[in-house]
Every structure is written in structure tokens, then in C-alpha cells.
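Next come two complexes built around subunit A: one with subunit B, the other with subunit C.
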Partner chain A sequence: MKVDRRSFLGLGLGAAAGIAVSPIGMKLTDDSSIWTQNWPWTPVPVDGEVTYENSVCSLCPGSCGISVRKINNRPVKIEGLAGYPINDGGACLHGIAGLQYLYDPSRVKTPLKKNGDKFEEISWDDAIAIVAAKLADIRKSGSAEKLACIADKEQGSVSGLFKRLLKTFGSPNFYTMPGLESYLELTAETLHGEGQTIAFDLENASFVLSFGAGIIEGWGSPVNCFKANASRKERKAKLYQIEPRLSNTAANADKWIPVKPGTEADLALGICAVILENKLFDSPATSSFKGGLNKFGALLQKEYTPSKTAEITGVNASDIEKIATLFANAKMPLAVFGKGRGDGAQSLKELAAVHILNCLVGNINKKGGAFVQPKLKYLEFADESMDSIAENGFAKTKAAPYVNQLIEKVNESSQPVVEALFVYNANPCHSLHDAKKVKQALGKIPFVVSFSSFLDETAMEADIILPSHTFIERLEDVPSCAGLAKSVVGLTKPVVEPLFDTKNPGDAVILIAKALEGNIAQSFEWETYEECLEEVAAGIWDSLSEDGFAIISEEVPSESVPVNISLLANNPATVQAQGDFELTLIPIDNMRLISAGISVSPFAIKTVSDKVLKGKDIVVDINPLTASGLKDGGVAMLTTPIGTARVIVNFNEGIMPGIIGMVEGLGHTFDNKYVSNKGININALIGPVIESGSGLDAAFGIKAKISKA
Partner chain B sequence: MKQENNKAYKFGMVIDLDKCTGCGSCMVSCMSENNVPFKEDESKKKDSITWMRVYKLTNGKSFPDTEVVYMPRPCQHCGGKGDHGHSPCVSVCPAVATDYGYDTGIVSQIYTRCFGCRYCMGACPYHARYFNWWDPKWPEGMENYLSPNVSPRMRGVVEKCSFCYHRYQAARDQAYAQGNKDEIDEENYQTACTTACPSGAIVFGDLNNPAHAVHEIVKPDPHPDPRNKHVVGKSRNPKVFRLLERLGTNPKVYYLSEREWVRKAGDNYLDGEWDKIKNHHGATLSND
Partner chain C sequence: MSEIENKAENGSTEIAGEGTAGEAKDDKGLGLGVIFFIIAFVACFLSGTLLFPKLLYSKKEQPFNFDHALHVGEAGDCETCHSLREDGSFTGIPKLATCLDCHTEEPLGETEDEAVFTEEYVAKEKEVPWLVYSRQPDCVFFSHVAHTQAGGMDCVSCHGHIGESTSSRPYEENRITGYSRDIWGQNIFGIKKNSWDRMKMDDCAKCHKKETGHQGYCFQCHK
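Then we have the complex of A and B:
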């Protein structure tokens, strides 16, 4: 057939008309739209019986009560537990996202043993046998004290079991990560004597003077603090926030007082000076001060006059006087310390200088004031069985006073300082300053055992991983601490059968102890952790198991406590930021991120602003006045004496000139694409600066420079 | 057969911006309640599905006078001009995939009807609607926490906040089972964001019911605003405002703040306009 122009067009038009009238086109469009909406892998959640189970969240020291909604015994939602004495219904985003930890793809699903660069799966029996054999060798070689443990906290029965294992093994080297509770205890010990801790009655205080405490940024027991803050309006209470940047707490406060970073202690002392000078203090309270009140007063009048303090801190002299007067004249004043979440680096001088304000105005152990009370004690362990190795080893002095110095010592010493290390509920390779050095130190320790639930940065450095249940799957006592006015012990209960071949860390410790035999096994005669908990918490077990919590005390403590101000009277030096650059890099605690311990969940990171994290880049805040040569939203290089990083610049009027703000909690490097390899870890840019005297790492920030990339 | 006429609720919300701390609990509680998916990079906020999104507002002043406030934004569940149910999104949907519930005041979204034309997204003045550009994918094992009360969405459909409609259904069933089908208790129907908020900044309930806290705070005016007849349900509390109230979309989400600049941030004003109508949010200067 000859195709000419005429037949070609005719055929074409005919085909077009045919297609137009036939239902095929419509049918295909319809089918394709149905098809695109019916992918078989879009899940259809299975329905079933709805039940609720109550437990306690142990993701942070907040210890909130939670209610877990289950469908056919499958947990689907975590919510705050109404009526629980700490949070009464509210919950923070990390707790609500808790099920994402349970089902996290980066969980350690079975015990692992490192073989070269890779981990291989082993059985629990083998894992315990390897750990026990290694420890037995160390003990036999006469260096029992070279077994160390880094845990997240001192309190609770699981930490108690770790301490007991170390003691019966013959080692005093139990360390905790820096935490608000440890700072509270140290401050109390310095000013009031040993065995005490401090709590803040935020719910009743009428004037809160916060020295950078992120009351609504995860400080203390977060949900409890949120509630105390929210009731401020009704109570007509005031909050003044002293901080170099307009944090959420500062934004929500009645007044934001920008202060040069690292000079908070000086400002507190300047306020003390005004209170003393103008006789605004509570004389019955101050009459019992020990350690040289006159000397302290003379020091303040000389070094901390309003004008001198103004020069150091950048706060107006008249404002200092005004704040001091308002504070001292308030009905229930309360000065709060612990910058950010209170678990970062802090200086003892600052902690003491702030708390002495509470002592001066006489609000110790008064409603709405600071409670100085004995440390929470509800666990009764039977005496350990000690052999001579245990006695000798345990009596030796610790290798270092705090975990930072331990790391430093491990790195510097040519002899092994630590032969074996246990890491429980902590991620020092991410959370401690100069993260690279920490990783190096862990690499130097011959045998590292991690009890982590996730394959995080520290677990990656371990030789053996004995995976723990997550808080959804385990039994554990959770004492409230971290400055809560009420003392409550909660009980975390297994809400679901363990998903993987993991164990309660308490059970893992008991197994190790039994495998070590001798006096150690004799000190761990429980069959299971559950049996142990029931025995050691016998005093409160009834209410723990029936109500899910036990209130130890909720009254205002009535004792009067001694105050010793010798530390401050001796005018300790203020810790300076490391380096010579012009700007200062400071850490930002963001409620939607987690700065220490576990990583953030996929849900929580989804809520993070694009002014904090953009793609894989971290965004830093800088005042436009300081940002000469930089572009808002542009890429820049940030350099500190410790490291260099690529960042995106965000012009922010809510930060003091001369300062760069960067969030904590990003820059994880483990295998979880939703939360890892995003941004950088600020702890890789800041090095520790040890405060002389206290031995604390007190580096709040570091000197830095920033330039266009 | 005569259909039994159930009581008409008008569910609404008031958010105290002075109490909101921007903590993000509401966002996560919403995601976990409503099976909202997540993907590797959620920092491109335009395609990040957040039924409840918390915005950060500043007063625009320079250091140290800067102030910041956080503003949670769920779907506003607009009643439309004159509050007759012609919400901006409902009136443009060619598939009746989104509809106004006259019995609840809730704007629905029916995923299986939606074919993804996204007219509603263009019509919504509040950016409350999100399009599923990709199929949702949960890492292995994580589908286990999905709730059967809310169907996971597929690629190609629009989704948005439903005021946790499944919770309303559960409360209605419960009330029916208990024999009082006309009355849902205030505490039996609360959205996931409301119950999660640790600051108690979100209050939810029936705007028609004077016994409910939300009515108590908002004191909605049932009559059209004499200065702008499209606006109905304006708050008689001078501290309470709605977003872009002048448009007459009549949202059922109200905001509360003591601070004037925050209330001003609820709309766009020409120079000098604010001072004239600051006590009459939603009023127009001309008689349109």
C-alpha cells in the first residue's frame, strides 16, 4: 500500500478519534491511578484487642511515668501516665518516640565478639565465658584494680550491681558520666558536707534566677520542669534567665539577661556582693556560715563590685543591682545552676557561687527554695564477701577522680592504666569532650565490654557486646534525682517480650559474677536480677510492684544544714575557654535532640528545624554583627584548637555578638541512616579544660574562628 | 425514615503561645498516633510530612531586644466564609476526598478517594496539607508499632491533621455503649497533641459547649462580626486570635498570647493598619 500524505493524515486522525471515543484511555488512566495507590508493601496494621500497660521511662534522669497502648500485645504508642507523681500525663518527644528505639534497626540483636574489624555473633554462654576468662586472668596477674566501669549514673540497682562486681573483684574504678545529679551532690558536698544532694522547688518558687539552666530544654526532670514553668503565669512567679543566647528558656522567661559565656560565676558573685553590701541577706541564715564570711565579704567588695562585675560579665552595673534586689526581696527566691541540660561541663566555682545565693537569702529547706537533703537511699545490698585480692584492690586509690582524667591518663600512660573496661548506658566516644581522644583511649584499653542496646560509637570500640534490653523490655528501678523536689522511685516494667537475644544488664552482671566464682560468685547469690531487685529494694517493693512507684519523700526537709563557704572565700580562679581565637563556640542544648547517651530517634530528628540541621550539614547561630564576610545560609569553615568543621551559617539576633552557637547531639556515626551521619559532633571540636581544685572538666565552649568556605 | 439528628459538636482548639516551649512533644505524639512516616532526610521542610508543625516566630528586633515564640500549627479545620462549611480545601476538591463534617466541624481527608491533584494544598492558606511524593517505608520491624486506627497512606495522596478523628469515633462508640449517645465527655475525646503537651498549652474540646475549657477560654461569638460578615466565631477574649482571621476562613484553632507582637503575627498588616484593628482581629477596614 502506498502511504501518501492524504492517507497518512486520514489514518492518524482516525486513530486519534478512535482512541478518544474508546474507553481504553480512561480505563488506563483510572487503572494507573489505582495501581499507583496500591503498592502491596504499604502496610496494613493488624487490629486486635487494646490494652494499656504502665511503666516508667528511663531514657533520661527525668523518670516519667508512661502508659503503653498495645494492640494484640504489640506496643503501638507511648503516652505520659496521668496521675504519676513526676509528670502527671505529659511526656517529652523522646519518650513518646520510645518505640522507635525498641524496633531500631541499629539494635544489637545478639552478643557480639570483635574479630579484626568486624563483629561476629556468639552465644550468651560463650560471651560470658570469654568475659569471665579475661577478668580471671587480670585478677590472677595481680592487677584487679585495673578493671574499670563507666556507667551513666551512680543510682539504681543496676549501677549497684556493677559497683558490687568491681568491689568484690578488687577495683575502686567505678566512674559515671557527668550528669546533673553528680553536680548537685558535689555542690552539696562542697557547701554542706558529705552525703547530701540538692533539689529545687521550682513548682513553688516565686522568683527563679536561672544561670543558664535550660529549664525547658531538658534540664533536670524535663516534663516536671515544663509543668513548673507552665504554671508560672498562674502563680505570678518570675523567671530571669542568664545566658549568652536567647534559648527557649530565655525566650519564655520574664527577662533574658545576656552574659558573656563562662562568666556566670562572676555574675553570681557580683549579685552576692550587692546582697551583702546592701544587707539584703537573711541574717539568721548567714550567722551560721562557716569558712570565713568576713573574708568572703571582703573579697566580694574588692573584686566583685557592680562596676567590676559589669566589666567581666557584660551585664550593666545597674541591672546587677536591680537583679540582686529583686532576688533578695522576693518571697521565695531560688537560684538555679547547671547550664543547658546540666549534664555538660560545669565548674564547681560556678555551681557554688550560684548556690551560695540560695544560702544568703535563707531559702534552704523552705518551700519554694532549695532542698538540701541526704542522697536518696532505698537499696539495701547485703555485705559483700571479700577475699584478700578484693580487699587490697578495692582499698587502692582510683586511677583518676573523674572519667575525663581517666581517659587522659589512659592516653598518656605507657603502661596500661585499665586492663578491662565495662561501659553501661553511656556513650563516652560521643558525649565526652574531644571525642577523638576518647576513642583513642578506648582503643588502647585491651578489653572493652559494652552493655549497649545499640551499635553506637562506643559499642563499636568494644571487644565484646552484651546487648541490653531497651527500657520497654526490661525490669529496673528508676530513682528520680536531677534536682526534683520530690523523691520518687519508679519501676520500669517489661511491657513486651524481648524482641531479640538480649538480656537485662542486671542479669548479665550476675552471670559474669557467677562465672568468676569464689568470693565474687558468693556475693551474687541471686538466680536472676528480678530476685535481686526484690531483695535489695525490699523496703519499698510492695508499693513499687503494686503502684509502679514509691514516694520516698515529698515534704520540705526540716533540718537546718551547715554552710561552709571556704571554697569561694579563697577566690578560686575562673576557668577560661581554651585557645586564642577571637570568637567563642558554645554548645546549645536543644530539647528535640539528645546530647548524652543514646542517639535521637527518627521522629525526634524529623522535628528538628532546618535552621539547626540542613541535609547533612549542621547550622550554627551567629549574630549578624559578628558575621562579617559571611552570608546568611552560606557555607563556612569553623576552626577551634581541636578541630575544623564545615558548617552552614544562620544569622540570629538572639545570640550575643562574638559567639557561635552549635547544637549538641548530632554527628553520630553508626549505622542508622535516619539519625546518623547528620551534622557534626560538637564534642569533636571542644577539648576538656580541667578546673584546678575540683578536677571537673569545666570547658563551656572553646575559642573559635569562622571564615567563608 | 426520619434520621435521628445527633447533636452538632464543633470541636476546636486553643493554644497558649505563652506556655508553648517549642519542645516538639505534640509533633512526635501526632506522628506516632497517626502512622506518619519518616524518611532519611527530613530537613527539606516542604516535603516533610508533619500534620502538626511548630513554627518559630521572632519579633524581628535586633539583639538584645529579640523575642521568640513557638507556634504549633495543626490543620485549622476551617468552617469557611460565614462558617457554613465551605472550607478553602473542601470547596476545591474535585473528588470529595476532603469534606466538612457538619456534626463535628472536622475537615476530613479520605485517602482512598484522593487522586493527588493537590488543589487543596494550593487552596489552604495555612500549609497544613502534605503530599505523599513517595511511598512510606518503615525500616524492617518498625511496621510493628503502626496503629490499626489510622491507615498508612500510599504514594500520590494528600494527608493532614484529622483532630485525631479515630479518637472521636472511639469516644462516640463508648458513649453509645454507655447509653448516652448525645454526650461525649470532654476527657474522653482529646487529640494526641493535647494529651502529650507537657506544658498544658493545648486545650481541646467542643466550642459549642460552654462547660468545656476551650469554650471558657475562647468565648466564641456566634454572630457574624459586624465589621466583616464572613467572620463568625470570633473570640471575645482580647488575648485570643486566629491565623489570617480576616480571610473569613473561620479556623477552629485559636491562639492565645499576652504579647501584642505575637497577636499581630497572626496576619499581615499594612503600615498603620494594626493600630486601628488590633482589638478586632479579623475585622476589615473597608466594607469589602
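Then we have the complex of A and C:
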């Protein structure tokens, strides 16, 4: 018997046939298909019990109710909360991406102390002791008023605690970042008197004359505004949008009225002139005007005739007359101010000129009109314990009326204007005009304490960071302060255990106060912030804790309010853009970005169109008529009196000639690979222009030039 | 005829002659080939049937033995521990908290397993890392409530008589997919006698066809 080639062939064939009829083939095929559908390295969401917890989003002043979906107690999704009085189930893209802030790479995980150029980790006890010791020194040296605080808003118990700390310490220097809330209050105070604020009944108005308010671009309470706008067709309501660029709101409006930037106030006054001239005003309402209606009328007839207004604003005289007539004859007319998101620079002249239209047509405190009502007051803090240092210091005048001027003063003064600064829920080094100067000012302040959850541009400038829980992890009352017709206070609740060694900012303030001892500690007798909130919000605590919100008012206010037009009758000067260049650079608010406070989330920045951000380059809108020498999609250098930037040009016929539009909210420089180093910060190109009289930063833009790079 | 042609003719005759002689040899060769074929066939078939499963699956022991029969006797039916949540989702293997509805830090029995449970898990408040015999790949959506309540099926139809077991058998993990052997079934050919012997897509489809008249669409389970 000879083993030959055929034997081997037989062996091979036998092996092949044996394997073929054995289950190996089918089993391996099946297993490999399962394997390829379930790569072991692909993260698989953990299965488990699904629960929902209701809370309130505090990423913007919108204050929407949210429902957080959790699996095995781990939050996995944020949805709008159905039945919540502000958003009724709706949510914006920033809200639904809110969980990304929990795991943000730039989160501050433990208290930090600056040592040279670097931060070192310290314990909470050490951090509070350092802050308290520094503050005690300042107080001892007799300059208690040189402790200042910059917060995002006036309302709310955490801001209340900061104010209380400053007051008992002996400082009046509490500042808020520019915001719609402060503009509404200032306008109400100027035209109607102390302690008032304004709300707009957008849901019912039949004719909305919007002076640049980005109703679907994040103005006020975004989801609420989206809903109000969506119901416009059903209600047969009209929207006329006045702004230099065909924004989404303008494109969605019944009419877009392009106006030269910075002349919105003049257009409003021109419309007032037509209303007065043609006697379209509401006589009973105007009969109670104080402050010189005749003087105001005479001024309008002289300076703001349709032809003169047309010359100033670029809007046709006939259009001005038509708009005025339509507005005055509408059943429920409503003029709305606050360009873009409403938190940018504004002049008091513009705010007052727009709101006086509401007063002239008599739609104050009427359905579909403007509601003038007392400021939200639901917190009752017990009287502070004041010693003589506190009394004397608190009685002093504030270093500056607004935050922009404070920054200017700190930079200009050779003596320290502020010895110590608290920054809470704000990022002035990114969101205020002339960001470089703001950074410089913070550098000049000897001791800066940040309460930020993230190591953002401002926190980087701090000497101590006392990191706060994010809104997913903390308890806080969230008042609606975005011009909403309904006054609602919501309760943000911790829906997850804190991920890092952070604290509720309220608790951090209480700890600092206790460490300062004396009258300050006596004014902060609560053990925890939770105890404090329950006590100071006692009046609404039951509904806050049970329902998650409390409606303070939802009816049309019935009171008639006085109107004082002396500011406008005295013909305040119009703010001019800084610089001598030919073009004007204006900021654009985009719903997909965030321009104040917190930075945009990784998810939201990915949704931005490449007509706004292309790769890492920012895109600017320019009318082809103005763009001589430039190429659509080409690179150009944009120069303003305070800075230069590389930009990509986008030819857009929807922007008035002579204007360059650039989006706000990009150009972050802190350590977050998802959102930083994308585009440039427009606030590094625009400087503040202070309006005389009001002291507001009213820089609606800046003069600029653009040339091929 | 040229020399070459002659050679060719002779050659061909020779080759033909050899061929005739070779046929007898070939028969032997073929016989050997057949034997080799059979040996190789049988060896490979047996390896594929008997050895291959041993290589494919690794055996893992449960953290400790679990006596289903005892628990069913004490606590009632399957739903006592393997319950449905309010929203209809299935709790699966109970969490420690469910165990602690009856168990305490003091052992309830005297077995070694009870001691491991109380010392390692109850005292340390640690979840028991049970290995789940019936866990399906993550690409499949499955709703228990639709089958047990809407379909009126009992647990045994798919899970067999696990409720009568007194100890936990070893968990056999597929080295390629990482899933339990129970999905494919103990029989490597996929032959089953009982409805619970394997739980592959075809088994779902077969039952669906029988019960509902249609085997179902892809996206119903592969969402």
C-alpha cells in the first residue's frame, strides 16, 4: 500500500467535507455576524429602570420646565416638560443638550487656587479660609466697599445671598451682566417709575412691531417665543421686523423693514411723530402723560418728520407712515425692543422710544399689549445684621452704574477701585465688549473669586475658584425674567448626585459669610442653602416643592400706570458707532449659539451652518454691493478700531449694503476641544460706547473695514 | 514517418500500456484515498461537533449558587422577583434592593451561598454580578410585557423549568460574541426539542408565524 498524492487529496477532501457538514461553518457565520453588530468596544447604554425627574433649565433666562429621563438613576436625556406654564413640553437645542455640561472637559472638579500661572487643587475648607481671610483684611483696612460682585441677574435667591453678603460686608457694588431683565426694568423705571418692570404679551398681540428682537433667535424665553410665533398665523397676527439683516425672524415675518443700524430709536420716534400728527394715538392714555407731551410733540414735528426720519434710517417715508397707521389701528399692537437675543448692548433712548409707542397707542396693561407691573418679589429675606462698617460702606455710591463702566474705571484708575471681585454665572471676559480690556481689568483686581462650574475665560483670571454644581446637580429657584407675560418661579432640582467636589453657590456664599464672623455670620444663620431657600421663599415653597413651579401672576395687570416722557422730550443724543471706517460691523444672534454666561455645548456647535462657521473660521455676511474686491467664500481681513480678525466672506443680499454681520458666541479660548478655538469672539472687535445720561453700553456695532487677505 | 512521430506513437502506446497497468494500482490508491477521506471526514466532523463547542464556549461560575426552587416555594411565582415596572419595562434579574425585601444582613439560611451573599454583597451594599443565561445581543428589542400579558405566554415557554432548579449551572460564554450559550442552545446543530431550548431569531419568527399568522418585520425587533 502506497500513500500517494491521491491519499492526501482524499484526506483534504475528507477534512473539508467533515468540516462542511459539521456545525462549525454555520455557527461561526452566526457568531461573527453577532460580533460585527455588537463590537465589544462600542459603548452600549446600560439597561435599567427608567425614571423621570422634573426640573427647570437655567441655561438662559428662558427658565423652561424640563423632564430628565434617567436609567438606573443616571440622567440620559432632557425633554421639555409638558404642562409647564412657560414652555409646555417644548425644549430648545441648548436645553436638550444640557447633560453635556455635566461631563464638560472644562469642568472645575475641586476648588482651585492660582499659583503663578497655574492652578493648584485645594480643599473647600482651605479655599473658604483663604477667601474669608482676604475679605477680612479688606474690611479691616477700611475699604469694605471695594468688594464687588458680578452676577448674571438681579433676581433669585443665590443673587440675593450675594447681595446680602455684600451689604453686610459694607459694599453697594453688586453688578449684573447686561440682560433683557435689566433693560426691561430700566425702561419701566424711566417711563413708569421705580420698582416696575415690563412684560410683552406676544402670545396675544395682533400686530407685533419688533425693533430687531430675534423672536425665533433666542429673544426672551426662546421656547415660549417660538410657540407664540408659531401660533401667529392661526391668530391672524402680523409681525413686522425692523433690522438691518434678513434674520430668521425677519424672513419669517410678514414684512422685513431694513434699517440702518443704530437708528432704530429714530425710526420709533418717526413712527411716534406720524401717530401724533395724524391723531392716531389713544387720547385717554396720552392725557395722563407727564414730562412734557407738548414738548415731545414739538420735537417730533421738527426733527422726526417722515422725510427726515427716512433720511436718518434709510426707511422710505411712505413706509414709515404706513407702518405707523397699521400699528396704531391694530386691535392689539405691541412694539418690542431688545435687538437679537435682547441681552446685547442697548441705548436707553432706543428702549424708551420703542416702548413709548406702546404707551401712545394705549395698549399698556391690556391683553396682547405690554404689561407694566411691579418687579417680581417672592423672596423675603429677614433684615440683615449691620455693624457700622457695613452701614457706612453700603451707604457709599456704587463705583459705577453698570458693569462696563466699572471695568473702564478699574482700567483707568491708578488706585484699586475694586480690591476683591466675585463672579457668579457670568463670563465677562468673553461676553462684554472689548474682551481684552475686561481681561486686563480683572488682572488689575488683586483678588478675584470665581464661582464658575467651568474653567472659562473669566475663571482663568481668578485667584480662587469655588466651583458650583451645574444646573443638573443643584437646587435653585429660577424666576422668569425674560419679558414673559406670565410671572413664574421654577425650581431647579438636583437630578443627579454631584459628579465632582463642587458645591451649590448658595452654600459657598453661606460658608464664606460664616467664616467672616460678626454681623455677617449673624446674617447667614442657615446651615445650608436648602434651609435658606425654604425660609426665604416660604410664601411659595409649597407649590415650588410640590409642583416644581409657582405662578406669581398670569392675569393682565389691572392697574393704570403713569407715563413720564421727559427723557425723550429732552431729545437725548443718538449713540454713534466708534471709529471712522466706512462699513459698520454688527453682531448677529444665532439660536444655535449662546452669547452670554455659559458657552455653547458640543452638540449645539455642531448644528451651526457653514455659512456661520466654516471649519475653524468665522463667516461674515456682507452685501455683494459693498464687497468690492472680495470673493464669495474667500478669506478676508476685518479691521475695527480695536482689533483685526481673519474671516471668511459670505455674500448675502439679505444684509443692507455697508454692513458686515458677524455672529456672537464663538471664539472661546479656554480648554474645551469641542467648542474652543472656533471662529472669533466679536466682543474682541467691538468696544463699548457709553450712552451719556443712562451710562449704558450702547455700542450697537463698530465701524470697520474689510479687505482681501 | 519521422523519428519524432515514431517516438510519439511508441510513447503513446507505452503511456497507454502504462495506463492499463496503472488502473489496477489506481484502484488501490483510490481505496486508500477513500480511507483517508473517511478518516479525515469523521475526525473533522467529530471535532466540529464535539471539540468545537468546548473551544467556543468558556465556562464561568455564578458568584454563588442560587436555589430557584427554594425561592419559588418561599416567595411565590416568578413575578415576585422578576417583575414588570409601572411603565411595562421588565426588571430582569432583581437588584439587591429587591432581595432585601426579604433578606437581611443576618443570613436567612445556613448554606455557604447564603453566607457569601450576606457577607460579600448585603454587608458591602454591592449588586450581585449575576451572569444572565438569557441575555440577547443588544441589537434586539424585546418586550416582556407584550408576550406575558398581551400574548398570555408563561415564563416556561421561553425560559424552561429554571424555576425548579436547585443550583446554578455554569454560565457558558461564547468567546466570539460574549453572549450566553443558551441563545443558540445546548445542541450545537441548533436542534431543539422544547420551545425553550434555543432563542434565535428563527425561533421568534416561527412562534410569531404560528401565533399571529405573520413572522413579523425586521424593524419590530431590530430597531
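Everything below uses one rule, namely that the second predicted complex is superposed on the first by the 668 of 709 C-alpha atoms of A that agree within 3 Å, B and C clash if a C-alpha of one lies under 4 Å from a C-alpha of the other, contacts with A are read in each partner's own complex, and residues count from 1 in each chain.
Rule of thumb we're sticking to: contacts are C-beta pairs under 8 Å (C-beta built on N, C-alpha and C of every residue); 3 or more make two chains touch, one makes a residue touch a chain.
Remember, predicted model here, so these are calculated numbers, not experimental data.
Novice: Figure out whether A:251 sits in contact with subunit B (first) or subunit C (second), or with both, or with neither.
Specialist: first
Novice: Which partner chains sit in contact with A:32 here, subunit B, subunit C, both or neither? Use first/second/both/neither.
Specialist: second
Novice: For A:47, decide between first (touching subunit B), second (touching subunit C), both and neither.
Specialist: The answer is both, since A:47 touches subunit B and subunit C.
Novice: Figure out whether A:13 sits in contact with subunit B (first) or subunit C (second), or with both, or with neither.
Specialist: second
Novice: Looking at A:21, would you say it contacts subunit B, subunit C, both, or neither? Reply first, second, both or neither.
Specialist: After superposing on A, A:21 lies in contact with subunit C but is clear of subunit B.
Novice: So in the superposed three-chain picture, is A:3 touching just subunit B, just subunit C, both, or none of them (first/second/both/neither)?
Specialist: Second partner only, subunit C.
Novice: Comparing subunit B against subunit C, which has contacts with more of the residues in subunit A?
Specialist: Touching more of subunit A: B.
Novice: Check subunit A for residues that touch subunit B in one structure and subunit C in the other, and list them.
Specialist: Of subunit A, residues 37-38, 44, 47 contact subunit B in one complex and subunit C in the other.
Novice: So in the complex, which bits of subunit A are touching subunit B?
Specialist: 33, 36-39, 41-48, 69, 71, 74-80, 87, 89-93, 96-97, 99-100, 102-105, 216, 222-223, 226-227, 229-230, 233, 246, 248, 251-252, 256, 258, 499, 591-592, 602-611, 613-616, 623-625, 653-657, 673-674
Novice: Taking the complex as given, what residues does subunit B use to touch subunit A?
Specialist: Spelled out, the residues of subunit B in touch with subunit A are 18-19, 21-25, 27-29, 31-33, 35, 38-45, 48, 50, 54, 56, 58, 61-64, 66-70, 112, 115-116, 135-148, 151-157, 192, 195-201.
Novice: Can you check the complex and tell me which residues of subunit A touch subunit C?
Specialist: Per the stated touch rule, the residues are 1-4, 6-19, 21-24, 26-28, 30-32, 34-35, 37-38, 40, 44, 47, 49-50.
Novice: Under the stated contact criterion, what part of subunit C meets subunit A in this complex?
Specialist: 26, 28-30, 32-49, 52, 56, 85, 87, 89, 91-92, 137-139, 174, 176-179, 184, 188-190, 200
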